[in-house]
Amino acid sequence: MQDHIQLDQKQINDDLLAGVLGMPKWWLPAVLFLTLVVFAGLGSFGYMMNKGLGVTGLNRPVMWGFFIVNFVFWIGISHAGIMISAILRLTQAEWRRPVTRAAEVMTVFSLMAALHTPLFHVGRPWREMWVFPYDFARGVWPNVRSPFVWDPSAVGTYLIASSLFVFIALIPDLAVIRDRAVNPLVKKIYGTMCLGWRGTPRQWKLQAVAGILLSALVLPVFVSVHSIVSWDFAVLIGVEGWHSTIFAPYFIIGAIHSGVSAVAMLMALSVWLWGLDKYLRPDHFDAIGRLLIVVATTWFFFFFLEWVFALYTLEGVEISLRELQVFQWPYGMLFLIFLATAFFIPVPMWMFKSVRRSAFWMFFTTLLVNVGMWLERFLIIIPGLVRRQPFTFDWGTYHPSIIEILIVAETFAFVALGMLLFSKFFPLIPIFDIKEGMVVRDEIKIGRRIVPATIRE
Amino acid sequence: MAESWGMVIDLDKCTGCQACVVACQSENNIPINDEGLFNQRRAIEWIRIERYWEGEFPDVKARFIPILCQHCADAPCEPVCPVFATYHNNEGLNVQVYNRCIGTRFCANGCPYHVRFFNFWEPEWPDSLKNQLNPDVTVRSRGIMEKCTFCVQRIRRTGRKAAQAGIDKSDAELERGLNPACVNACPTQTLEFGDMIDVLTAVKEGTRLPDEPKSKAGAKVKKELEEDGGRGYRLREQLGTNPSVVYLRKVDEHRKEVITHG
Amino acid sequence: MASGHAEHPGNPALVTAEDVTKDLLGKHEGTSNNFWRVASVFGILLILGIIGFVMRLSDGVSDTAVWGYYAAMFAFILTTAQSAPMVAIAPRIAKAHWRRPISRVAELWTVVGLFNLLLFIPMLWILPPLSDGRRSLWFYFDGGDVPSYSPHIWSTLAILGLVVIGVALLWMSALPDFAMVRDHAPDGWKKRWATRLARGWIGSSAQWNMQKHRLGILGAFYFMMLIFVHFLISVDFLITLVPGWVDSLFPITHAANGLQAGVATVLLTIWALYKFGGYKDYIAFDQIWALGKLLFALSLLWFWFWFSSFNIFWYGGKPEEQAIIELLMSGPYRWAFFGVFFFNFLFPMWTMMWNPLRRSTWGPPIIAASVLIGTFLDRIRLYVSAYSIDGIGNPAINKHVVVEIPETIYPSLADIFIMLGALGGMVFIFLMATRLIPIVNIWEQRELKLYEIHKTFHRTVVKVLGKPD
């Protein structure tokens, strides 16, 4: 980290709390606009609930459409928070420090957004709670063999664990805000939230232990969530394109691919919106770019294996499904866009150091990745269902209706709104972590060279 | 020992007249499928006749196959339902419990026979038809799945009658009452219905078929499975779903090779 | 042990880089009698293996079923010795300092690749040809013109590439050490060989840059090649032999098992060096601890991959899927499967969760031994069962589905000899290689002396680790 800037503690506090104690000019209009989009989406949902699912573009056999695509996409994005925080914390990677908070908060909000669409997409949303094992009056336990019962429990656990994760890391920063707030009411609120944090060695130790413990415990949850989401598809023998053993790891690695890309986008946005370029250095973009090369290549290998084994069976249904995915309009075009944006444009670009170190180009490439990964889910789910089934001539395609598009837009607006509201009340870059990073950073002189170094325990 | 209801469909007899489809629609309170619904691909037909053309003009032949819920013994739609809205009962029926269903449509994706239907809209009938609704069958609201039940309401009614008369449900006297609407309506007796527990169990476990099957339908299946060049087969058997519906292949002397759907 | 730094600040006799060089070269020079005793035991096992192979060969290669154990041993060496170098490559790319004393051990195992290359040659005859519609990775269509030997060609090229890259990696990493042996060691065959192999290494900046660069590239290529070989071997030599087995995750499960067993191999080797080899000053708690954690993580990963596959088969329940589960797990090789499950997952997981065991010098090696036993059983379970299905003209196979599950094949005397011989040969070749190449990387140890300093921080002494770009 040669271009590191050593800052004093006061400076760090001032910079990172600027968004909390003040308010940027664009903040209010942005929040109002996003609220509008959220309400438009919720209104569409109300209309859909009132009229029935006929207002969507769903049909037989395309029983799942944009809603489920969007669900898988947001679950995928939510994997970044844990990936960055837990794994990099356990491996003591220094570059994680300014990135963790934003990633974790994104996890929480994207999980909530992910929950929207499957809740909206069922035929009778007012009876949704029947998938939870509470309903003793009904006398029917949920069917534990169904992946749709595994889903709510896994996602729920993940949501609770990641919220806890955010909160544990937030406590020392809450105390800083408490100490700097002027309004006594605000002081009181933050004082309550930070649970009496005084910064004693014992408190620091407990906070660190809790962070590491949560990191280790949340990793299995993180793996289980997307595995289970993939099993929503892979357990079905009726849909040939979905019944594949690689789905669970393939979904996970795809989730990491899109999630880490989303974190890179967030980093670029933090630099532009809040001017945090003293904290998010080109080195951080470089590190995340290198990580993305590895993740993207692994993801591509899994994608390749899935295709190899689909063709290896030499079965008519599989081959015609692949033909549908690759050669038929509009899937063929989407497939080309997907391959280009998810792998063939970004990965060669990340090979260049100048791309990796530029916030703009990292934003651009990772935006492409997320477009591609959204399409990837679309291309798994929709052509998988559109396939030509035997014993029926219900062959057709699927056109999303305006209602579906509005609800999908709502999830994006919801996450953005959540992040903006969070950034108003809490610092998006962990103050204590940055300060710790400044303390443990050191240098070693070897001959004429100065090598960056880290203090370890 | 409880029953395991099954059906035999003799494709050699099917003329594609669609009487079964009409009978099913009226028996089971299925809303009118107009052209708009067909174009949206949201029509509901618990039993449907699929038509295939074989050969080149002028030597062209029409082939028909009625498709309905196969009531699989190992149904892929059952384990995926989170709320037990679809499950296998002790009579070998794959039942759909309407008021438990929350409409995830997971089962529809799981079904390899494309026989599960979702109510995208609230069902509607013209006023003139409202009095013909069958009081024994629930009208399904929007947002839930439905499918062929083997006319479970008729099976129940026959059960009650049989209990009153002190005879067995499968008794020949009660046959008309027991048979699903489609079976009764078929002018060529393509469809036959009956308790096939002995035959289906033997087929599933790969053991010898019973000497005297319990029902006529069972006897027919036994004959066609045991004979040399017998015509019996089940749809997509390689999926291991163990359907309760057995199809009998069409007899065609001009055909060189035997092709099964599957 | 309460903390990872109990040895700190280390042996007072090894403060400077020169001390380290002298000490390590001295250890490399001397060969104890015990070493030769151990080596001769493994040498005898190797000879037994050759006898077993000749016995097996006398049966001919037309019946593939009897070659199952041989194939399993080939795969076992691929999974352990040839996967071990990843322990050197991955931490070196991540610039982790704990790898320094053990990276050479991991790389030395690539030499065993040469032995495995020999073992691979008969496999070409054992692998059934692509006739009779056997499914293949190479998309053999019925009546198509695909040459029936295509899997043989690609697998051979891949495994040859892996071995060549592996040896090149070892040599590149050992260059500076050869130069040190050349410059400091007394006259003898070691010095002559080192002079020849050092290729005029004088330690100029250009040479160092070149070596670092090439090590990085060779390491990345070795990793890719290893994954590729696991992919080819698991598809060509396993999946295609069993009709109806379509498991797109399997190549990755195979490779994950390879990484797991590779870490276990290195862990066990460094434990032997720590305990019996007199390298306590270099290999210590830190290394065993780090590898133990890695082994723990990889064991969980293996389980997850296995479970992901199994879950789909079990839930799908198609006849072909049920046949696969019966063949590989619940049927004739049930004993092997339960062994694998216990040794590769249950035992490592439930013991490594326990702090006193994970943070000890004796715990992780036990787990490593357990993982190696599990891997051995796993190769037997997979390869012997796959080879026992005779795909050509077999009535028990109906349209790519196994209808009849074959009987268990237990090892004959020849198979037992082959198994002992493969294990013996593996260790014997490794032991011989340590005589030529120093088993602890001297230049990486010297480098550590530059990057690791100790500083007073407030009231304690802390370790400062340099991380070069």
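Think of it as A, B and C in the order they're written, each chain with its own count starting at 1.
The working rule: a residue touches a chain if its C-beta (ideal position, glycine included) is under 8 Å from a C-beta of that chain, and two chains touch if they have at least 3 such contacts.
Bear in mind that the values here come from a model prediction, so they are computed numbers and not experimental data.
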If you average the Cα atoms of each chain, whose average lands nearest the overall Cα average?
A
For the interfaces B-C and A-B, which has the higher count of C-beta pairs in contact?
A-B
Subunit A to subunit C: how many Å between their CA centres?
35
Chain-centre distance (mean CA atoms) for subunit B and subunit C, in whole Å, is 56
If you average the CA atoms of subunit A and of subunit B, how many Å lie between those two points?
45
Mark out which residues of subunit C touch at least two other chains, giving numbers and ranges.
315, 317-318
Interface hub residues of subunit A, defined as touching at least two other chains:
235, 237
Residues of subunit B engaged with two or more neighbouring chains:
79, 239
Considering the complex alone, what residue numbers of subunit B touch subunit A?
40-42, 48, 50, 65, 67, 76, 79-84, 87, 100-106, 108-114, 117-122, 142-145, 235-236, 239, 241, 261-262
Per the contact definition, I'd like the list of subunit C residues that touch subunit B in the complex.
315, 317-322, 399, 401
Show which residues of subunit C lie in contact with subunit A when the two form their complex.
5, 135-137, 139, 141, 227, 231, 235, 246-252, 300, 304-305, 308-309, 311-313, 315-318, 450-451, 453, 455, 457, 462-469
Quick check on the complex: what are the subunit A residues that touch subunit C?
2, 94, 220, 223, 227, 231, 234-235, 237, 243-249, 301-302, 305-306, 308-314, 442, 444, 446, 451-457
Contacts from subunit A onto subunit B in the complex sit at residues 51-54, 58-61, 63-64, 121-125, 127-128, 130-131, 140-143, 145-149, 232, 235-239, 385, 389-394, 396
